[in-house]
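Listed next: structures, encoded as structure tokens.
Below, chain A partners chain B and then partners chain C, in two separate complexes.
And then the complex of A and B:
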């Protein structure tokens, strides 16, 4: 039972992460892969505040999410100067740089990780309560993103994604949208990280590296980028599927890479066979090809 | 205490270590210029190259030349398969940049996981011992590996330079890099040019992985998390499309890294690369410009393309 509840906690955390990543990447078209670093910032800041300053856990969770939101400027500011591949590479530099700092500082626990993080709640039904909490937070995250992308603001986001120059020519401020998207998405990732830290009481730097970026990309791609339910479906599917392998009783040295092979094969298959993901519709109706459906994008590609 | 001997040793060590970085950077830059793809899958190709060499050397006990040929064939096969069955498909579909990015990075991760599954996660070397004879010249230790690596890199760079600037196919590559549609009108096969460039990259990658594996042990994740990042920084520093400048930038980066040990603790050295990648992209997205006289290795591409098109029209 405890195992099942733990898997459900992981599903909830991954839903928050994938949904917030989808807001930045899928809807905003902002090609940053540094999302896991805000997950890390939330986890480490919240954990360190609770350990060293004895700040109450709920408050430290909120502060952790807030710090992640503020530090999202580290990626949103570059997005004002560069885009596309350049933004991807800048975000990788940002992610690996911060991770390297965490990996080498004594007070963050260095490579060994941060241990003895105070848990959010205790008692016999600790996991069940936490599952309910994380389910509520995950549902709020999905609804928040759904609410943001609907209506006028959502149309402005789509317009900016499809043709930023035309969007700016109409007198709209793309800069504000980018900063807001990064701040909200990163804040949500920070919240997920803080919740993770105060449930498992232990975090290590290797949980937030480039492989986690790929795992989140997988969830968004397989579920369907730029769709409301896609990241949720992707997160649920890709958190539960690898768990099936654990029942094979394989040694850890085989199980971890085997899970990786399955993950990556799944993504590659989807990229070729169904780039719109499980929940995406035809071209323009979501998925990775949503951007290329825009007339401006097609014109730009032709010009290239 | 800092002496001329220490400075000389750092310079030499940085220069020798730059050899494989240079090869990887030139391979990355070439594919970016001709195939127009930020080929993060290069890390996956590097993994395949390394482990095929490992099988040839350590498992089958092949001598140097057959082992290198085997490694090269595997690397060529993987590279050409990537171009034909992945990049070409995405190009034909007019896929978004994001699709290509995800594919290339996920392919690299797939390669890493596959090799971890087959060969384990422990670091492995191509030879049982990595000790090379060392000679002292003016107080500077120069290993035979250093000399071999510098010679191999210099020869490969010279051959590539001659191929690009002195052969018809080389000019075709530049023509396709400049304007693939115009090149096709003149009868230059775009697909063949893509295949040639990715094959050249495969040769450089195989050579680089051999040099790396005869000097240090390799974790399956090293190419993705370290070697490729270095190649990307060098490519951006050099300015997109400047193939040989990417090699020079890789040497400069390696020297910076070697000398940084004087002011930065070794554990923070990798951070330097990450800071560089961030700063360079934000402030120098077009790379550093050298004075024209210093950039003599790069011929104005328009002229090369014009020559190639004239050659092709004459066929």
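And then the complex of A and C:
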């Protein structure tokens, strides 16, 4: 039971991360892969505040999320000048730069990681209580993103993603939307990081590198980018699948070479056969189809 | 339309290539448990079986399997067979947490073995919280001794061999100016720091002290900096892949200075890859040599017969071979005392027994401060193979 509860905690954290990443990447069309660094900032800031300043854990979690939100300017400001593949590069630079700093500071535990982080709750029902908490937070995250992308503001986000020049020509401010999307998405990632730190009591820089970017990207793509439920489905699937595989008891000689193929196949299959992801609807209804619809729109406008 | 298609294709291809290139999700773990037997005494073993560190993990797990086979061939523990549940943690903390949670909550083992400092630190809170005994084998970050009541190491930490090497370099080898390079992860930082302090304490001077990030492949700048400082010894504390790359680039750039490293470079593949460039390299080992252990020649023969080669990281595999013997001794103590098999009682057994006579690593004493003291052996590459050149036994 405890094992399942721990897996559920990881699912909840990944749901928050994938949902917030989807807000930036899927809905906003902002090609940033630096999302894990805000996860790291939330985890480290919250952990350090609780360790060194003895700030109560719930408060340190909120402060950690707030700091991640503020530091999102590190990516949102470059996004005002560059987009697409250039933003990918800028965001990777930001991610690696901050990781390098964490990796070299003594007070963050450097490469050895931050240990002895106070846990949020103790007791025999510790994990159950934490699962309930994280389920509530994850549900709030999904609903918040759903609420943001509905209505006028949601249409403005879609319009900005589809054609920023036309959007700006109509007198709308794309800069504000980008900053808001990055701030909310990064704040949510920071919250996920802080919750992770105060449950597992240890964080290390290597947890927040490019591997995590790839994992989140796959969750969003497989579940369905620019859909409300897609990241949730992707996070559940891609958190439980690796755990389930361990129970098959396959020999290492088979599993080791196959493990990459399984995931590669999954990603390639979805990108080409079902780019809208598991939960995306018809053309333009989500996933990469939403992006291609945007691309089609832009191409048509240029042709005209 | 073609434009749209090519744009989507380009973007998709980029991400696919991105995901494929970096080796994909921090994912699958691999189960490899032996067949179930009647009333087996089970324990968990987590080590990297996939990923870059698997080069060590696979051989270490083979050593564990052989040890369990050998223990069971002699009747097991009071008639109970010993059973190792071996899982892959990929040397990643987050995967290690999932694996150890499975050991504790699904497999319900009272003791588990793991390695790699980052994983050991990540899973230590679980051992302490759930009162399950954890034995670290092979991880050498000095902080491991302070990770809690249920966390013990059967392997000497970095301060043992690096302290000895620093002194040995100054006193026995007559070196006075050292350059220190290390990879920026826990083992690299801590090991380099201990070596430097020891060398300085002995009277030497550190003329270059540089770190580099993991995944780096070009070390030209570092090598040139070292060359300009003109040290008479270079200590490199890194993973084996980096070590080989750094040494190769040093040799290409004409640096012939004496190089030292730690146990991870005790690796025949390193000699194969560097060829003549490996000549003269000195590495430490914390496990006895054939001169000091009567069982070791047969163990090496077993590898040669089964795999036609030496094990990767022989000293590590010696400790891994011996770890199930410690587990067996703990189980025996608990069974003899007719105590319930729990993590708490396994810990009591460890504290009570304290000293273990081991097949391949001789006497191992678990100190009250959770450390282990062992002799340090110095090996040098001579004529394309490792040759014992000295040891420090106190």
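The criterion applied here is as follows: the second predicted complex is superposed on the first by the 278 of 304 C-alpha atoms of A that agree within 3 Å, B and C clash if a C-alpha of one lies under 4 Å from a C-alpha of the other, contacts with A are read in each partner's own complex, and residues count from 1 in each chain.
The definition used in the following text is that a residue touches a chain if its C-beta (ideal position, glycine included) is under 8 Å from a C-beta of that chain, and two chains touch if they have at least 3 such contacts.
None of these values were measured; they are calculated from a predicted model.
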Original post:
Looking at the overlay, what does A:85 touch: chain B (first), chain C (second), both, or neither?
Top reply: both
**OP:** Name the contact category of A:59: first (chain B only), second (chain C only), both, or neither.
**Re:** neither
Original post:
Taking the superposition as given, does A:268 touch the first partner, chain B, the second, chain C, both, or neither?
Top reply: both
**OP:** Answer with first, second, both or neither: which of chain B and chain C does A:100 touch in the superposed model?
**Re:** both
**OP:** Based on the superposed arrangement, let me know which partner A:170 touches: chain B (first), chain C (second), both, or neither?
**Re:** neither
**OP:** Using the touch definition from the top, say if A:217 reaches chain B (first), chain C (second), both or neither.
**Re:** both
Original post:
For A:7, is the partner it touches chain B (first), chain C (second), both, or none of the two (neither)?
Top reply: second
**OP:** Pick one for A:206: touches chain B only (first), chain C only (second), both, or neither.
**Re:** second
**OP:** Return first, second, both or neither, reflecting whether A:112 touches chain B, chain C, both chains, or no partner chain.
**Re:** second
**OP:** Report, in rising order, the residues of chain A that make contact with chain B in one complex and with chain C in the other.
**Re:** 85, 100, 104, 210-211, 214, 217-218, 221, 256, 260, 263-264, 267-268, 271-272, 275, 288, 291-292
Original post:
How about chain A: which of its residues touch chain B in the complex?
Top reply: 25, 29, 31, 33, 78, 81-82, 84-86, 88-90, 92-94, 96-97, 100-101, 104, 209-211, 214, 217-218, 221, 225, 253-254, 256-258, 260-261, 263-265, 267-268, 271-272, 275, 288-289, 291-292, 297-298, 301, 304
Original post:
Which of the residues in chain A end up touching chain C in this complex?
Top reply: 1-3, 6-7, 10, 85, 100, 103-104, 110-113, 115, 200-202, 204, 206-207, 210-212, 214-215, 217-218, 221, 238, 241-243, 245-252, 255-256, 259-260, 262-264, 267-268, 271-272, 275, 288, 291-292, 295-296, 299
Original post:
What does chain C use to touch chain A in their complex?
Top reply: 3-4, 7-8, 11-12, 14-16, 18-20, 22-33, 49-50, 54, 58, 87-88, 92-94, 97-99, 101-102, 104-106, 117-118, 121-122, 124-125, 130, 141, 143, 147, 184-186, 188-190, 211, 213
Original post:
Where on chain B does chain A make contact in their complex?
Top reply: 36, 38, 89, 94-99, 101-103, 105-107, 109-110, 112-114, 116-117, 120-121, 224-225, 229, 232, 236, 267-268, 270-271, 274-278, 281-282, 285
